[in-house]
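Two complexes are shown next, each including subunit A; its partner changes from subunit B in the first to subunit C in the second.
Our next item is the complex of A and B:
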């Protein structure tokens, strides 16, 4: 629908455009949805793709540049070959080397055709004059040539390798997840150099103050208890019976996954559900009884009105805490963050309510948050490790202005 | 010179298809409907933006001192007040504080802090003059100025249904398509289907009240409630949560998404629409009319910095609180202000209220746990409401619902004591301890019928902060309504005796309306609907007879008030106005929908 509207508008202003060319642009726009270009390159409330908010990386700040076809401040001087090379190898116009905050290590798996279509779309975006100083890293990381060495160690241009033993649907899912969808950029743990640890593909990672959970089929920490339909519903609406998207995932749902086609979402679900194993699912040691009792009291005073005395929550409004994947992660960072800072569900057509979890930072001390989360993680069949007040203090410090 | 200065200081803004004044229940319903129609809609709201997580935060929403005693969410008299008197011979004085009624303020309006009683008026309420005249003769209502609404109960049914499903009302139908339903209200008009949610789970007090009522031949049923009895997804796809029975409804916003309001039923969808915009903290001063005064060309409003704006538009919808709708009509010169001496003029005519009385029954051996409560969790008896009973041998018309709805057990306000207890000191403290858990209350919510001398107009003396005249309210309880209320008190005494408690007390309604103690925020009329432009200000689609591109939506349209809370009917009228605009008015904009 969105694509059709944009296509129609485009045809209206350039009547000479051939039908197949319009078709290519519409396909390219869908690639921009799959790749969630807007997620980084559009500021909230800003002009599309005219530059985004700074990304805080472990190495310093990078600002997603203006990628509209503006000649002075955007990519108006780029050729299709420049664009193709950037997507495939992280080397852009005039040989400038990109930092892998731009997920070219994933985009490199996109097909030539999809990249070409995406380029066709990019040339039709409204040019916006907006100068962005992309590289705000400290010396010596701000020397882009350093990326030559990084690429040498960590990156090789690749194509997507289909697995002929799997279904076409599985392969489509794998192509989206590994390629344009760049799920691993957040969900795969990074090495000290910031490169994906392929052996832990999609098993959960910490970034920008959030823990992106395990999205393999692991029964305890991953999607093991989710049906394929649950995965599709979550990606389409931002909410399902197990969880409500928060933080960067809420943005990804809003800008990208909620706009994907149903067959593509199904393919992603089929692929993710085929990954990983249940190894490493040892039960966490039973938490200290005194802490459980303290946590239970705090829970009933502060949490149960919405999440229920039994943690069951209420539909699309208050997420269940029973088997909730955010609750179940070994790393409690997202959980602590949601309690301290609050969170609001994303607005999608399928789930328009946008309920909010209020911030509790002003009324619960670190030890109280730690106790209540320990209680939640050790109750109703949940068995994630206890949380320490130091864990909470670290998140609170990060949230301090 | 002054006029020139004023003109140069007013910023003229780009045109909008529709301007809505006030973003509460009616404004949100109309905005949703008309943006669905593809129109570019702007709402201008005097108060602040308010949403659940920020403003009704679970961590402090239940603060009785802040919200109930200090009335944090309400309109403050410094922003707008009005003058009051009991009859036209008196000189009205300004209310320095709101007391008897508490108008809302901000996004969501009074719909934020209501209790949630959601009634349908009956056909006998809508066609009241015709009905009463036929049944009892014209002489019976000669002292009253009751008027037909220009709609029938059957015509209103689909709009009630729309509002009840939007708001997720919890209740039990009494009459589906003419077939009586066990456990519902046998006196209600036929409805097309049951409520969207089952009744709330009853607490002890209303359960006992229903048992006692049935034992003396009355017909109790669960009060239709806008507090959710279960998780509910409304037709807009918005989810509401099950009520937690926290007992902080009236005067509070709901922290749990459990009480229907614009915030919990419409705004999450409305606010995302590209063709909708709201400007908060902006007060509309008046509607601007084109030369000749036959059509509106926009509104003038002022923001908190004092900057004045002219907002051009094709269609103005006054969706403020009913009293403020009436004043905006007067300040804008739309229609003629009512004069009780001549009976001429329509704006300000038929101001009505609510005629309430209450009973307390004291026990030694019962524990009602009053803190387990919700705003609309209770039982109602309608045997003596409206024209459900024969008034042939009586000396009044009208009636009341008898409601046992223990809305809360909040510690500052809930201090029931036996009659004769001192008002302070150790004896009082002791009595409140004894009375807190073991007292049961119920009340009659009585009809309020129009008279010639109960009306609204502009005060000749007192002005607001912008120099505009305050509205003047002239009101006392009509003799008819006092007789009605006394009769209802007698019937409530019948119930009190059947309870068999150790003692009961009855608070009867007396003449001499006092604006200080809280009574009810059910102010109705002033811009009433009807079929005769000489007696009504708007037609049956709530369109101004005088300026057809102005619609006035709210309880201001009630020709008189029934023995029921008004919000259900306000919501239904909003849907009726939306239907009129979408399906009729827009085909021929600017033309009257009804020929006078």
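Our next item is the complex of A and C:
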């Protein structure tokens, strides 16, 4: 009789629990979108979260591990507490210290609730048996205990600090950008130890052969000329009137930002547009006239067919080069890379066409690429520094198979 | 007794036609629908191999001397342009004969070989490489017997007269070579060498394009399409580039 009553009570409660749990899993799945877990932990065409492609860091290669709930090769033996501690402090199951290529210095700002939701989702992912040798760093960096010292110098567990003087929208944007979204992992310059330089937060940084541009509101190199709408459109579709996402950002748009909600994208835009930065606004010295003349000829013979004689481009198909943020960065790495290797726009529901730029590495010598980029960076109101043929040679070498 | 009208619908024929229909219907349902990005890879390109002049890959020195003398009469040096030899027409032909053109590797080359109409072009069994080898030898043999000289040793007026006679079919070349047909091949290939992109070995310094005002390997003229009756302002550009791309220091 007692058992029957208990059973009936259970029956009554279970659907409620299940609904709560489903809700938590869905919220957790959205945290995985914000955090772009798949961006690193899923191989292109591979099973979700079963391990990714190697990350080439300045210190050596790290392979994003299998984080499916597989007991042998994934994180099936982890407890929620293990997961929470890893996200907050970079110390995982059995006290294993993670390398900060895993952006726990950003994830540490996530709320306990969001981390708990994310864990609820992680337990529902299909377990995949795939052994990943994550640590491929050279000695002595391969000693994970070294991260104890690194953390001591560079990291402290933190929570997101809301600014009560700012709007709820601004604070939501700040929370996403500094926390789960971990924008600074690519866009903030690093110290020689690979830690974020907080004084240059989001002002642009070089990594994996790409230069992640300044995304503060800086008028010249940052988002100063972009409206909030422009920022939202870019993150949602990968393209706006100023730029088309390429390289790692194209992947971030595909896996993460294009799946964020409109209010969250708006919040991110409001926050990024509020970030001031006054560095890098000096007008670059006037480029050498002979190089500009050669660059103009190269531009008209190779680039103007799509980007137009005046650099204005053509809507969402061919990006404008006037005030383009990739053109405007002090570091020409991404620009050189796009000219040498080509680039393809990302596929999103909002912009499904995926126009691509062809590789010009076979046709243009280093000096010619340098001259045409110097011309583009010094024309139509653009004022970014000249590019040297050594800059191009370095990128070409990196691209060589 | 007209058997074409008496196909009987046997049980076997009926079944196989049903099977055929099923196969067709099933394959139709396998039509692929592509979604996501279009196929693309970084650093991908398929540019033509750039011809480097110097040396001969197909011609013997004797053949090369003959072809250079001929292309220099088909495109003589004058006020308008350099001659065909200097423009690299013989180099162009030499490299083409070692490639797919020379061996007809992209054409159907099996029999039957029947005489065609004049509009049908060459219908014989030999590929261009074989036609050049035999044709050039037969010109040498013919002139040696008639004049005791090679083509290159003739006066320009005599060279022109001989080529005109070839074209008109008034020369009986040995080894069964039909003079008008072989002259047509030489003329065609010389023009190709003179007017094609310099990347293929001829049209040195884009000489023919500069002569004509042809803008070269460009593919978009939006900035100029509404400028009627104005000459196009930019110098020509080759697949291999342009001298305008060099930084000029005075």
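Quick note on the criterion: the second predicted complex is superposed on the first by the 381 of 401 C-alpha atoms of A that agree within 3 Å, B and C clash if a C-alpha of one lies under 4 Å from a C-alpha of the other, contacts with A are read in each partner's own complex, and residues count from 1 in each chain.
To be clear about the criterion, a residue touches a chain if its C-beta (ideal position, glycine included) is under 8 Å from a C-beta of that chain, and two chains touch if they have at least 3 such contacts.
Bear in mind the structure is a predicted one, so any value in this text is a computation, not a measurement.
Undergrad: Superpose on subunit A as described above, then tell me if subunit B and subunit C fit or clash.
TA: Verdict on subunit A: clash between subunit B and subunit C.
Undergrad: Have a look at where A:342 lands relative to subunit B and subunit C in the superposition and call it first, second, both or neither.
TA: both
Undergrad: Of the two partner chains, subunit B (first) and subunit C (second), which one does A:362 touch, if any: first, second, both, or neither?
TA: Both: A:362 reaches subunit B and subunit C.
Undergrad: In the overlay, answer first, second, both or neither for which of subunit B and subunit C A:76 touches.
TA: In the superposition, A:76 touches no partner, neither subunit B nor subunit C.
Undergrad: Under the stated touch criterion, which partner chain does A:371 make contact with: subunit B (first), subunit C (second), both, or neither?
TA: After superposition on chain A, A:371 lies in contact with subunit C alone.
Undergrad: Once the shared chain is lined up, is A:317 touching subunit B (first), subunit C (second), both, or neither of them?
TA: first
Undergrad: Quick check on the superposed pair: does A:149 touch subunit B, subunit C, both, or neither? Answer first, second, both or neither.
TA: A:149 sits against neither subunit B nor subunit C.
Undergrad: Taking the superposition on A as described, I'd like to know which of subunit B and subunit C A:300 touches: first, second, both or neither.
TA: second
Undergrad: Looking only at subunit A, is it subunit B or subunit C that touches more of its residues?
TA: With both complexes superposed on chain A, more residues of subunit A are touched by C.
Undergrad: I'd like to know which partner A:350 touches here: subunit B for first, subunit C for second, both or neither.
TA: Touch status of A:350: first partner only.
Undergrad: Could you tell me which of 291-299, 435-443 or 561-569 in subunit B overlaps subunit C after superposing the two complexes on chain A?
TA: Clashes occur only in 291-299.
Undergrad: Which subunit A residues come up in both lists, the one for subunit B and the one for subunit C?
TA: 305-306, 342, 344, 347, 354, 356, 358, 362-363
Undergrad: What residues on subunit A touch subunit C, complex-wise?
TA: 290-291, 293-294, 297-298, 300-301, 304-306, 308-310, 340-344, 346-347, 354, 356, 358-359, 361-364, 367-368, 371, 399, 401
Undergrad: So in the complex, the part of subunit B that touches subunit A is made up of which residues?
TA: Within the complex, subunit B contacts subunit A at residues 51-54, 57-59, 231, 233, 236-242, 244, 246, 255-257, 268-269, 272.
Undergrad: Going by the contact rule set out above, which residues of subunit A touch subunit B in the complex?
TA: So the residues of subunit A touching subunit B come out as 302, 305-306, 314-318, 342, 344, 347, 349-358, 360, 362-363.
Undergrad: Where on subunit C does subunit A make contact in their complex?
TA: The contact residues of subunit C facing subunit A are 36-38, 40, 42-45, 47, 218-220, 222-223, 234, 237, 239-242, 244-249.
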